[in-house]
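In the two assemblies presented below, subunit A is common to both, partnered first by subunit B and then by subunit C.
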Partner chain A sequence: MEIHLSWVQALGGTLAVALPLALALFLLRRFVRAGRRDGESDWTVSAVDDHGHGSSSFHRWDARCKLIGLLLFAFAAAALSSLALALAALAISLAAALACRIPMRGALRRLLAMSGFLLMLLLVIPFTAASRPGETLLYFPGLPGLPFHVGGLLLALTIVCKASAVALLMEPLFATAPLTVTLAACARLGVPESLGRMVLLCHRYIFVFLHEMSRMYRSMRVRGFVPATDLATANAVGNFLGMLFVRSFERTGRVYEAMLCRGYRGTFPSSATFTATASDYAKTFCWVMLGAALITLDLLRLLPW
Partner chain B sequence: MHFIRDDTIRRLHEEPLYRLDHVSHRYPDGTQALRDVSLGLYRGDRVALVGRNGSGKTTLVRLLAGLLPCGEGEIRCRGQVLQGELSPQQRARVGVLFQDPDDQLFCNTLNDDVAFGPLNLGLGEDEVERRVVRCLQQVGLLALRYKPAHHLSYGQKKRAAFAAIMAMEPEVLILDEPTANLDPRQEQVFKELLSDYQGTLLVIDHDLLFLYDLCQRAVVMSKGEVHHDYSFAELVSQPAYLREHGLDFTFRFSCCGGHHHSHSNGDGQRHSHHLPSHDHGDGRQHTPPAAVQTPLLELQHYSFRYPDGTLGLDDVNLAVHRGDRLALVGENGAGKSTLAACLLGLQRGEGYFFFDGQLVPNRGRPGELWRRVGIVFQNAADQLFNPSCREEVAFGPQRLGLRGAELQRRVEESLTRVRLEGFADKVPLNMSGGERKRLAIAAALAMEPEVLILDEPTAGLDPHGEELLLGILGELDLTTVLISHDLFFIGELSERTVVMHQGAIIRDYRTTHFLTDEHLHSINGLDYSYKMECGTRILALQNGSIGA
Partner chain C sequence: MHISDGVLPMSVTLASAVVSLAGVALSLRRVRNEELPKIAVVTSSFFVASLVHLPFGPTSVHLILPGVVGALLGPASFLSIALGLFLQSLLFQFGGLTALGANTLMMGLPALLCGLLFQTLRGTTLVRHGIAGAVCGGLGTLLAALILAALLALAGEDFFGVAKIALLAHIPVFFIEAGVSAFAVTFLFRVKPELLAGGGPGR
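Our next item is the complex of A and B:
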């Protein structure tokens, strides 16, 4: 079906979609950046496991079982093709993130970081999706050759919901136990230990790196550096990044030597112990079943969209 | 080489814990770092390893720690030759505290960091737990046991790294610049921790005043060789030896002997906050007193809070006049660097900030402040990011729009002022700490600022570098704000001292009064008297030696 919109309809429709989105983004941005001063660069990064010692049911869940249950659910959510089911997955993830009883700022910050990419999808896919028989096409005045696919919009919204659901799920997955415990659990599930060590060191040194970077950038600012789109900026930024790389490279050598001095022989010692109880298995079963139910409903195509 | 007195008679009968016999080391790039070094480290030795930068101290330490293979010569531990890859047990005998604690705290929490060594030694969980608790308790960090390192202050990180080493119960403890960037209180904490250590101690430090009571033996290295090996008292009592190795700190004795210089010719009452100008105008800002010169920098009721809620500055009132030479002192975390950041416009708080009588807005861009206020940061490496000294110094003036002959003039003049003539094409990364510090000063001076803020300019410098820096800073004819714990530099380079504590200004008086203030210790725990006492004792030693 083809619908040719008038200027009023086109403007009204665009505003109806864009305004709530813009408002949501504005509020999200405001909430995430609350407390930061005007013009001040924010170099802070929250540690993944800042709230790893809580008492919610996610905190009490055996890390190995939690990884299996939540990751399977995340894969199921990512595989959905129905918007209604993607919305359901998003609602479940949101409920899980709230149930962790840890501040939502981290999760919302992650969503904000994704928002640019997701907005681009919302804008591009409806105009570029392949036409399907029986699909509604909206023609904006002045754009006769570029129909707006309603199916494309639904597809883009489905992707947004699925991405947000998985992003929200990262909170209960990684923020409800100390990172060392989560990585030890990964190792028990067969993830190579070297990968875990790399993640652990990255997580530790991202703060040192950012601190170093902020100090260097600050010293550029006090000498009048203002980023612009010119060759001088490219030159200064190139030198800045180069020096940062050299310093970081030198640090890796020093850290490795410090590790050797304390008896390091290729493996990080871990004192994490795991004991799964019936409750842990039950929680895992529930999450796996939730994921399976979503996939089954999706395959049966019982929902209109 | 000069004489080596491998001293006492007891050592004739004692097997050294570590013995280096004719050890030489050459790096792959051909640099000869050590030449024919023979040295014995005995149980209970407390050795100061001193010498100029590049004299081979670090290479020697890396060989002892098993981080470098021994090329020529032989290293024996308890009579056994050390060869090939060392086992964790062999490594555990030597604990090394590196300069930067962030290199040493690589785990997710303090608990994991301290447990790392003992777990690698294969100790049981109960024993590991016991050691973790004991070591963290010893350094006063047990309450922060499950905190990640990035939540700690610099002094806490340094102590945490120390705990991580001590948990391995090393027989030999090697410390590389243990007190760099620490305030006197933290220094004292470290001194007490080291005094309690019963094993063999080897300390690399330029601060001979800190080492004075701690070490009995001094090993002086020069060009990869051991030049002197004698008692510490002998080293410090011979100014000629000290001068020869760039360790002569006797230029400080004009301070520590109590003969403070005061450059002040005012009445010491220039702080506008204590003048009648404290009346408030229509807004909340002070009304300017008619008869007093407009301060170059002025903060009125200025407070700053970090995004996490920590109070950085608490109702600060400060006026700095043109030509003032001001010192900012206080314990680590007192707010000195935050205040400097506010004066630079890098941090904006609540209150009134006037630059040359003009209100600097608390929101938006800080205007042209960067053109008029310069800073030399504590760690010069943070300030240097260009591939050559010329480009480094030219960076700021280029941002001011200077080109051609004027730019060239500024670069050359600035390098000359800091005694770095001929360094224009050198790579800053390859320069020594002292040279880098001077380069950072040149980079700031090239912008011809009206105010220069110096954040711990002496951190990490050897006495020779300090003396050179003192000369350079003494020649500067501009308003300076000196942030330092170094009493001698404060005495020499400032007329007025502002003492900060927990974000607030608790004292603002003449430097001569600060240097004789006996109440500061009770307020913020800063005790500068210990080093003065050491200096006086060393001076007495030297006088005795010269008299004899």
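Our next item is the complex of A and C:
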């Protein structure tokens, strides 16, 4: 089916889709970046487990069971192909993110970080999707050679829903327990312990280096550095990063030697103990069943879109 | 440049996750226990470096520097990239958890190749180090963009357009990355040349 749009229809349709999207994105940015000056690079990163001690049902869930349940659900959500089911997965994830009763700012930040890539998909896929027999094509006035595939738009919207669903699940998954507990749980599930140690070290170093970097960058700005697209900027930034590596190496080298002096033998003592009760297993069972139900409905193709 | 969750079909997602896991396991086996904290240092400093945005026309690009990671860590760079991407998705989710395998392949393979290439290209002079840094910096990003396009193309015919646009959008990034990598490598050559020996930052 081919539909040739008039100018009024084209303009109205575009506005009807683009305006709510732009408004949502604007509000998201406002909320996430509240209280920050514009134009400055945003280098603030908050620790993943700032709200790791809480009392929601996600906080009380045994970390091993939580990892299994939520990871399986995340993969199930990522595998969906129907828009209606992807919306359902998004609703479930949103409910989970709200239910862990930690500030939503972290979750919204994740959505904002992905928004660029997802917007690109929303803009590009409808115009470049593969042609299928019997699909609905919209022709915008002035663009006779560039049909707008309605199927492509649905596909892009499905991806947006799935990606947001998985992103929202990250907060219940990792922010509802101290990172050490989550990593100890990973080790119990068979992840090599050395990987967990490295994640822990990196997570700590990142904040140290971030502090160092913003200090160095501030002094560059004070000395008149203005980033531009030229060789001088590449030179300045290259030296800046080189200096950052050298300083980081030397600093952490000293820290490592101090750790050795204090008896570090390649492992961190862990006091995490895990006891899974019936309710932990029940929660995991529920999440796995939810994922399985979504996948089954998706494979049966009962829904029109 | 990251693939978000839900773009790739499950078969590609799982296959790339398995290959990445194998790569990480191989890397882990070759790395000695004392080197782990040092790999963590390189990983976190590159994580922090990836927060630097350089202006490009009306928009801005952030640095990835897979070439420099390869030059610094050699065979361990795959492990470092996997860790860095995991931390990114842990802390603010550029590419998601289910796409972690694909993203690791996309950045890790170029880093490995650039590490090898850097060791053969770098001579003993400052100029040759600069050239090797530029080549590896540009090539690392080019390879990453090519793998990104290939993965997107694997997702089906609907994504061909996206793959092409992603590839085109990265052309200026090659030059920025090449420039910054060259200067970063020459800086390290002058200040602390032993870091560039590859095979892990020996102290």
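Observations
Throughout what follows, the second predicted complex is superposed on the first by the 298 of 305 C-alpha atoms of A that agree within 3 Å, B and C clash if a C-alpha of one lies under 4 Å from a C-alpha of the other, contacts with A are read in each partner's own complex, and residues count from 1 in each chain.
Please note the rule applied: a contact is a pair of C-beta atoms (placed from the backbone, for glycine too) under 8 Å apart; a residue touches a chain by one contact, two chains touch by 3 or more.
What you see is a predicted model; the values in this text were computed from it and never measured.
In this superposed model built on subunit A, subunit B and subunit C occupy separate space and fit side by side. By the touch criterion stated above, A:F285 is placed in contact with neither subunit B nor subunit C. Superposition on the shared chain A places subunit B and subunit C such that, viewed from the Cα centre of subunit A, they span 70 degrees in steps of 10.
By the touch criterion defined above, A:H203 reaches both subunit B and subunit C. Contacts of A:W7 after superposition: neither subunit B nor subunit C is touched.
By the touch criterion stated above, A:F31 is placed in contact with neither subunit B nor subunit C.
Legend: residue contacts after superposition of the two complexes on their common chain; A:R223 is shown touching subunit B, with no touch to subunit C.
When both complexes are overlaid on chain A, the residue A:A234 reaches subunit C alone and has no touch with subunit B. Which of subunit B and subunit C touches more residues of subunit A: that partner is C. Judged by the touch definition given at the top, the superposed model places A:R262 against subunit B, while subunit C stays out of reach. By the touch criterion defined above, A:K162 lies against subunit C but remains apart from subunit B after alignment on the C-alpha atoms of chain A. Contacts of A:F274 after superposition: neither subunit B nor subunit C is touched. Once you line the two complexes up on chain A, you'll see the smallest CA to CA distance from subunit B to subunit C is 6 Å. With the contact threshold set out at the top, residues 201, 203, 205, 239, 242-244, 246, 259 of subunit A are in contact with subunit B in one structure and with subunit C in the other. Considering their complex, residues 62, 65-67, 88-89, 91-92, 94-96, 98, 100, 102-109, 112, 115-117, 119-121, 125, 128, 146, 148-150, 164-165, 168, 307-309, 344, 346-348, 363-365, 370-371, 373-375, 377, 379, 381-387, 391, 395-396, 398-400, 429, 443-444, 447 of subunit B touch subunit A. Within the complex formed with subunit C, the residues of subunit A that make contact are 41, 43, 45-46, 48, 71, 74-75, 77-80, 86, 109-110, 113-114, 117-118, 120-121, 124-125, 127-130, 152, 155, 158-159, 161-163, 165-167, 170, 173-174, 192, 194-195, 197-199, 201-203, 205-206, 209-210, 213, 227-229, 231, 233-235, 237-239, 241-246, 248-249, 252-253, 256, 259, 266.
The residues of subunit A lying in touch with subunit B in their complex are 35-40, 42, 44, 47, 49, 53, 178-180, 200-201, 203-205, 207-208, 211-212, 215-216, 218-226, 232, 236, 239-240, 242-244, 246-247, 251, 254-255, 257-265, 268-269, 271.
Partner subunit A is touched in their complex by these residues of subunit C: 2-7, 10, 13, 24-25, 28, 33-34, 36-45, 47-49, 51-57, 63, 65, 68, 72, 83-84, 86-87, 89-94, 96-99, 156-162, 165-166, 176, 179-188, 191-192, 195, 201, 203.
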